[in-house]
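I've put the structures underneath this note.
Here chain A shows up in two complexes: once beside chain B, once beside chain C.
Right, the complex of A and B next:
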């Protein structure tokens, strides 16, 4: 175990590495965390994810834009790659598996990748179908993996309409699946009309939604630990 | 004033020339093919991108069916990238509407950015076919409506030929290399736009949606994107428009500074605010929501949105993006009728 002071120092280094999109420092800090005996989960959530939350805020405030976001994500992954093998599987009582991809006709996957990253961090099983995915593939993959969440992304007005078919098709076979849609042209209105359970209009909100999911996951984790403790 | 006194073509050309017109035109610089139009000829959407006659028929049908005041080609965003050497996917298997996309990128990472342009761009890919399409449109509807074409802006074109993640990060880490690439692409865009002009197009829209403030900061727009847009518009003598979708209020003045004859924005732009910012004399086209209102709105919403665009200060009622082809006929007619009927408050 390590001192609280040392822990705080390492967590701050992880957090700042993500915010300042410094991959090298992120790797270094992740290794320091392991060497100092920090819990890998602690380092991920209170270091890397904490930094990404600040990045989300900077993005919202329009201080950061997509290039910065991508570089911050690289730094987060650099740290995550080192820490993840040391994470003990969490038993949170939720299954947490997600099928994600951009719909056929859309070759833009940046928003999707950022959302995927947050699921990766949160320890979800992520089935990433990539970009330009034929609509039937979403349905097949959900059935095959029995995932509880399907995330569909479309970047342009000219590609988003395909999402409606996927939603109908998945819901017809398995009404319990949650479906989240996202991308620049999507609106709350469209999500409701098409029967999606959630939506994010742009990368910014997708990130926020993903962070919200992780925040609630964090809460669950804390509650689980409290129960264990008492 | 009676609509018969002025053709749609006159109205649009006079608007560009700054001359008096009887009412605002309703037209577009982007795709507006409809499934109604395709049905009339029994064409499949996947087929119309690579056949001159089919593309021209489809493009003219929106005017013929609904009185939309233009004929615009192409329908996809891959023509320039294809001319530079990319392979495209037209989704020929698809029964639904799927727009062509780029299959293979020319540049996969920052190390591969030092490319040269092919020497014979005007004869590559679909450029010769596009000339033919424009000629066919001129013969068919060219005396009634203005014929438009669109090209991508340099950054958006870079996003078509280069892996996008890498381009975006490079715009931050290696701005000099990106600037060199954009300068090169600006040359290609100028060449292609001039081909369209000499084929008879009346106006050209430069679509630089990749550089919207949803993606890039206004600061990077000004330092990295704007110089190349300026270069393009300085070279074009044809009537021209700069279109950027998404958040554009913070870059509206830069858009004007590009030297474009008109600027075009979508429904995410607060047009009343933009009008105040750019003053009364700059041509501002927009910002009609081409899906949420035109396709899935009620006819009342369709008409109210026409009035809203006009009252907010646009010079043309103009969809903020390509019109989604499944637009219901009654909505299209309602939009056109309201433009003809309504006068600014």
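Right, the complex of A and C next:
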């Protein structure tokens, strides 16, 4: 066990490493967290993810640009790689499995990758199909993995129409699958019209949405633990 | 800032360092705020050791820029190198040769490679883009291969056309890539080498470094 003071110090170091996009410090701090006997989940959520929340804010305030955002994400992953093997599987009563990819004809994957990262952090099993993914592959992969969430990304108006086909196809087979769509040309309106369950216009919002999702996961987790305790 | 950076990089093992004004070269909005490039050349075979040296040089430049409150994007010599990173999605937005020619470190030779007057085509490059107000070096405007056609004449694949690059016409076709690739692929079972490199070895510029 470790003192509260030591815990705070390590969490701050993890947080700052992400904000300062410093991979070396992120690795170092992650190792310190393990050595000090910190819970890996604690280190991830209250250290790394906490830092990424601030990065989201800085990005929104245009203090950070895309290169900084991506470097921060790399720093988060550097720490996550070390902590993840030590994470106890979250028991949330939901199956965390998601299929994600950028649709056919489209090679823009920054937003997709950031959303993917947040799912990784949240402990989901992520099936990343990459970019320029044939539409049928989403349907196949969802069925194969029995995932309950599918995330589609498109950056161009010409490619985004493919998302509707995937939504129709998946919903026809399994109406319970949740589908999130994202990318510059997408709007709330389109999401609703096409029958998507969620949407996000860019990497920044995707990040915020993913953070919201993780926050609610965090809450669920705390509730689950409280119940266990009482 | 200029002298300090240059000195630090040369001392840390770089063979050539140049600064480029790339305002007119950057088209992508995600990095359009970065209007200077630091071009870092190393004269070694592009193996693991060289990549490590490149990494430490980029880290040096980045940390100096960061300490002084500037933004940067650090691009390694080989894009597909090592594990996948988020930042790697921005690497293809800028090429080392634009940085190097704009920084006055050389021109693009008939063989399609960057030719430095001292080291010839034997340098590998890292680039660090930044918004630091570095004073740019003068670019090299055109091909200085002169009458030399050695690489054109000796290319075993007949892939080098013999055209001349200039900064005003940077995308002129110099090498028929298909011919080069097919030749290398066909020769692999014969000589067991995945690369040819004749157009590097034959270049009279920087020959003295061959034994190194």
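As a convention for this text, the second predicted complex is superposed on the first by the 230 of 230 C-alpha atoms of A that agree within 3 Å, B and C clash if a C-alpha of one lies under 4 Å from a C-alpha of the other, contacts with A are read in each partner's own complex, and residues count from 1 in each chain.
FYI, contacts are C-beta pairs under 8 Å (C-beta built on N, C-alpha and C of every residue); 3 or more make two chains touch, one makes a residue touch a chain.
Remember, it's a predicted structure, so these values are computed and weren't measured experimentally.
Check chain A with both chain B and chain C modelled on it and let me know: fit or clash.
When both complexes are placed onto chain A, chain B and chain C end up clashing with one another.
Kindly classify A:77 by the partners it touches after superposition: chain B alone (first), chain C alone (second), both, or neither?
Second partner only.
Under the stated touch criterion, which partner chain does A:104 make contact with: chain B (first), chain C (second), both, or neither?
Touch partner of A:104: chain B, not chain C.
First (chain B), second (chain C), both or neither: which does A:189 touch?
first
In the superposed arrangement, does chain B or chain C reach more residues of chain A?
Counting contacted residues of chain A, the larger count belongs to B.
Just chain B (first), just chain C (second), both, or neither: which does A:114 touch?
A:114: touches chain C, not chain B.
Identify the partner contact of A:161: answer first if only chain B is touched, second if only chain C is, both if each is, neither if none is.
first
Scan A:199 for contacts with chain B and chain C and give back first, second, both or neither.
Neither chain B nor chain C is touched by A:199.
Stretches 26-34, 44-52 or 134-142 of chain C: which one clashes with chain B?
Residues of chain C that clash with chain B lie in 26-34.
Once the two structures are fitted together, what part of chain A is touched by chain B and by chain C alike?
65-68, 70-71, 74, 110, 113
Which positions of chain B touch chain A when the two form their complex?
The contact residues of chain B facing chain A are 31, 89, 91, 94, 96-99, 101-102, 164-165, 168-169, 171-173, 213-217, 220, 246, 290-292, 296, 321-322, 324, 326.
Please output the residues of chain A touching chain B within their complex, sorted ascending.
My answer: residues 62, 65-68, 70-71, 74, 104-108, 110, 113, 132, 156-162, 165, 184-185, 187, 189-190, 193, 202-203.
How about chain A: which of its residues touch chain C in the complex?
Going by the criterion above, the answer is residues 65-68, 70-71, 73-74, 77, 109-110, 113-114, 117.
Please name which positions on chain C make contact with chain A in the complex.
Of all residues in chain C, those touching chain A are 30-31, 33-34, 71-73, 85-87, 89-90.
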